[in-house]
Amino acid sequence: MNTRTPIVILNFKTYLESTGEQALKLAKISEKVAEETGVNIAVAVQHADIFRISAEVEIPVLAQHIDAVDAGGHTGSVLLESVKEAGASGTLINHSEMRMKLADIQEMVKKTADNGMGSVVCTNNVETSAAAATLKPNFVAIEPPELIGSGIPVSKAEPEIVEGTVDIIHDISPEVTVLCGAGISTGEDMQAALDLGTEGVLLASGIILADDPKKALLDLVGNI
Amino acid sequence: MNTRTPIVILNFKTYLESTGEQALKLAKISEKVAEETGVNIAVAVQHADIFRISAEVEIPVLAQHIDAVDAGGHTGSVLLESVKEAGASGTLINHSEMRMKLADIQEMVKKTADNGMGSVVCTNNVETSAAAATLKPNFVAIEPPELIGSGIPVSKAEPEIVEGTVDIIHDISPEVTVLCGAGISTGEDMQAALDLGTEGVLLASGIILADDPKKALLDLVGNI
Amino acid sequence: MNTRTPIVILNFKTYLESTGEQALKLAKISEKVAEETGVNIAVAVQHADIFRISAEVEIPVLAQHIDAVDAGGHTGSVLLESVKEAGASGTLINHSEMRMKLADIQEMVKKTADNGMGSVVCTNNVETSAAAATLKPNFVAIEPPELIGSGIPVSKAEPEIVEGTVDIIHDISPEVTVLCGAGISTGEDMQAALDLGTEGVLLASGIILADDPKKALLDLVGNI
Amino acid sequence: MNTRTPIVILNFKTYLESTGEQALKLAKISEKVAEETGVNIAVAVQHADIFRISAEVEIPVLAQHIDAVDAGGHTGSVLLESVKEAGASGTLINHSEMRMKLADIQEMVKKTADNGMGSVVCTNNVETSAAAATLKPNFVAIEPPELIGSGIPVSKAEPEIVEGTVDIIHDISPEVTVLCGAGISTGEDMQAALDLGTEGVLLASGIILADDPKKALLDLVGNI
């Protein structure tokens, strides 16, 4: 019996298949699979969808990004306080499609902690993972950008990057949980990720764009 | 009797006073004042607040910004389709606190129109107002940045910029409605804006940070 | 006899083939071809290469970009005054690989004129060309981004965009000179560009990455 | 006798007082003071000034910034290879006036090392200094942004930030040299910086905007 508690963060990105009503439907599927399998599944949804989704599901709802601003005159920016009040319990930070300045990452990791929210800092290699770990976010999710959306799982294509990240983060900040992502879509990919020492995965298109997202999600986590 | 139908766009920015529950309260006040006075009032709210506010008020709810992306893999970006489905009927574009690239402004003005949404392009002087007008948004809102939040109304401090903008936009694209903003807070400021040829105002702190926002809003539009 | 005076702006971009010593060599070739053919050739070079190139050639040397800052504390930005003093007589603005905010384009077009320098604003379609023309730069260079570096000349692939740009700019600001670019590399492409009403071309890889840049440049302008 | 070899990096920023001819003059003054005092002085100059200055002085000339691009089609970007060939022996990275994304900082620190150039990563607090140190640049320069240009020396106003940075960097990457900056202008400020465990300072306006830069520089380093 596997006693690990793997974590799956499903990134809804800005696909039409995961916007508005469709996002809500996908969040409910995720919740159902989490209940059925006992795996921790969280959904990272678009800002405009946080309120309606967090009102209707019990699983954690994350923002995909927050801007490095404090309350004030910042028209159009995404304020941590706004996503928190809408129901988000955490946020992705520095996703490869929304890279942030080092000073802003540090400030937002601190601000999420100060506000009782979780932080998932995304990184692209061992070196930036080490840097991110010094900032003590809750999670670091290592995702080599060239594999994102490729269908080629990082856990197979570049296992040494995942292992190197796990090792260096355990050295620097053992309390940081390591996830991996990029190209992950099957249960086999997920198992490989766990075998490399991570505690879960961050993934998107493999599930969201699947013909049958529920089946895909069950395939991902059903045998862990 | 003034037969003009002035327009007021209240920009909630990212003030705590206009986030979440407070935003909803302010939107309801805006709706009430719109009903009582017959003035067209719209609210531009944070992305995470669009859904809950548009579900509870009848006045137009705008986004403060959309990112120049189409549906797809753009984690953390604000997709037009997401704010539309959440209930926004239009969006600010290129606010001085969220300036955009020319190519992106053009693309998003077109995309809002293609999606049946309204566009309010913010500009900083006569020259950029002329450029914006060639793109044929629904509104151009001229706001000299140095006066934003100053309490010094543009309609008094720099009337020639407002008049120059009205003139050149009427020349280039007469179907574009001209608003002005920056430093506007009183009914006198608003009347001055209308007297200079605009059809309304875009404003924020003068109302949102007022001790009594309803009173401030009534003062702004009560005697027009 | 063709009495038009076509203009060729050769964009060195950041190719190694057009950096440092190689850039100087290419600039001298450009100068030689300009002398031999009587065609106006200008070179747009990297910031670090402006000084040494402008000291050694008589043809106009342009910057590829300037940042929208004034003199002061802006570490790492490219100040107009610095490229001017290094010998640049003008600059590209808003190239597709360095898109700028509308307000910044306006400010820098004005600043170049105020400093006696030339401005070449790059645009991507008819609409943004119209917007750029209202700002009255010396040149607008229309370059559909999808054709840049493609080897498919805009003058053949999308002639209606070039013609539409020429027409609308002549309407809005007849004093603005229209160039076109993207995919241009042969004399035939250049002639097609002139036949569509432009007064020249902006090009890069077709010459810079050619096996024999001098031959390529002669082919481009030799029969105009 | 003080056997430490303090390092002074003079950031020319984009002041008119340190552009073009004036920049060259200031670089020669810096060289003279370095010779007279034996202190290591380097100058970080604008891109367009690197070539002419490095041709005329023997002290190290740094770029103020490089863009995170490789050779290719990146019009207007600052390519490492271009500043290297112009004579720069290193570069500032992530200055507070030109903050960079974490992934870009990592990539450029690596690229400078791979190209035999020095890297000076600027940071704003102890946390980001730790993150920067994991990337193993040659130097980390801690500069609390609120003190830059203030005339209030960081070495006096926030000694705990400087000491904390020295301690954590010595822990993480002892081979990284720590500098500090912000508000430094006198010999007393410099001595305080050294006493806190740094090996030198990064400074700008205190010297560049001084009535007599040579006198100011001599005052800074004359008694170390």
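As written, the chains take the letters A, B, C and D, and residue 1 is the first residue of each chain.
By our rule, a contact is a pair of C-beta atoms (placed from the backbone, for glycine too) under 8 Å apart; a residue touches a chain by one contact, two chains touch by 3 or more.
The model shown is predicted, which means the values in this text are computed figures rather than measured ones.
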When every step has to jump to a touching chain, what is the lowest number of steps that links chain A to chain C?
2
Of all chains present, which has the mean Cα position farthest from that of chain D?
B
Hey, how far is the Cα centre of chain A from the one of chain D, in Å?
37
Among all residues of chain B, those touching at least two other chains are 96
Is the chain-to-chain touch network here best called a line, a ring, a star, complete, or other?
ring
Provide the full list of chain pairs in touch.
A-B, A-D, B-C, C-D
Seen from chain A, its contact residues with chain B in the complex are 11, 13-16, 19-21, 44, 46-52, 63-65, 69, 71-79, 81-83, 85-86, 88, 92, 95-98, 148-149, 204-205
Residues of chain A defined as touching chain D within the complex:
94, 96, 99-106, 110, 123-125, 127-128, 130-132, 134-135, 172
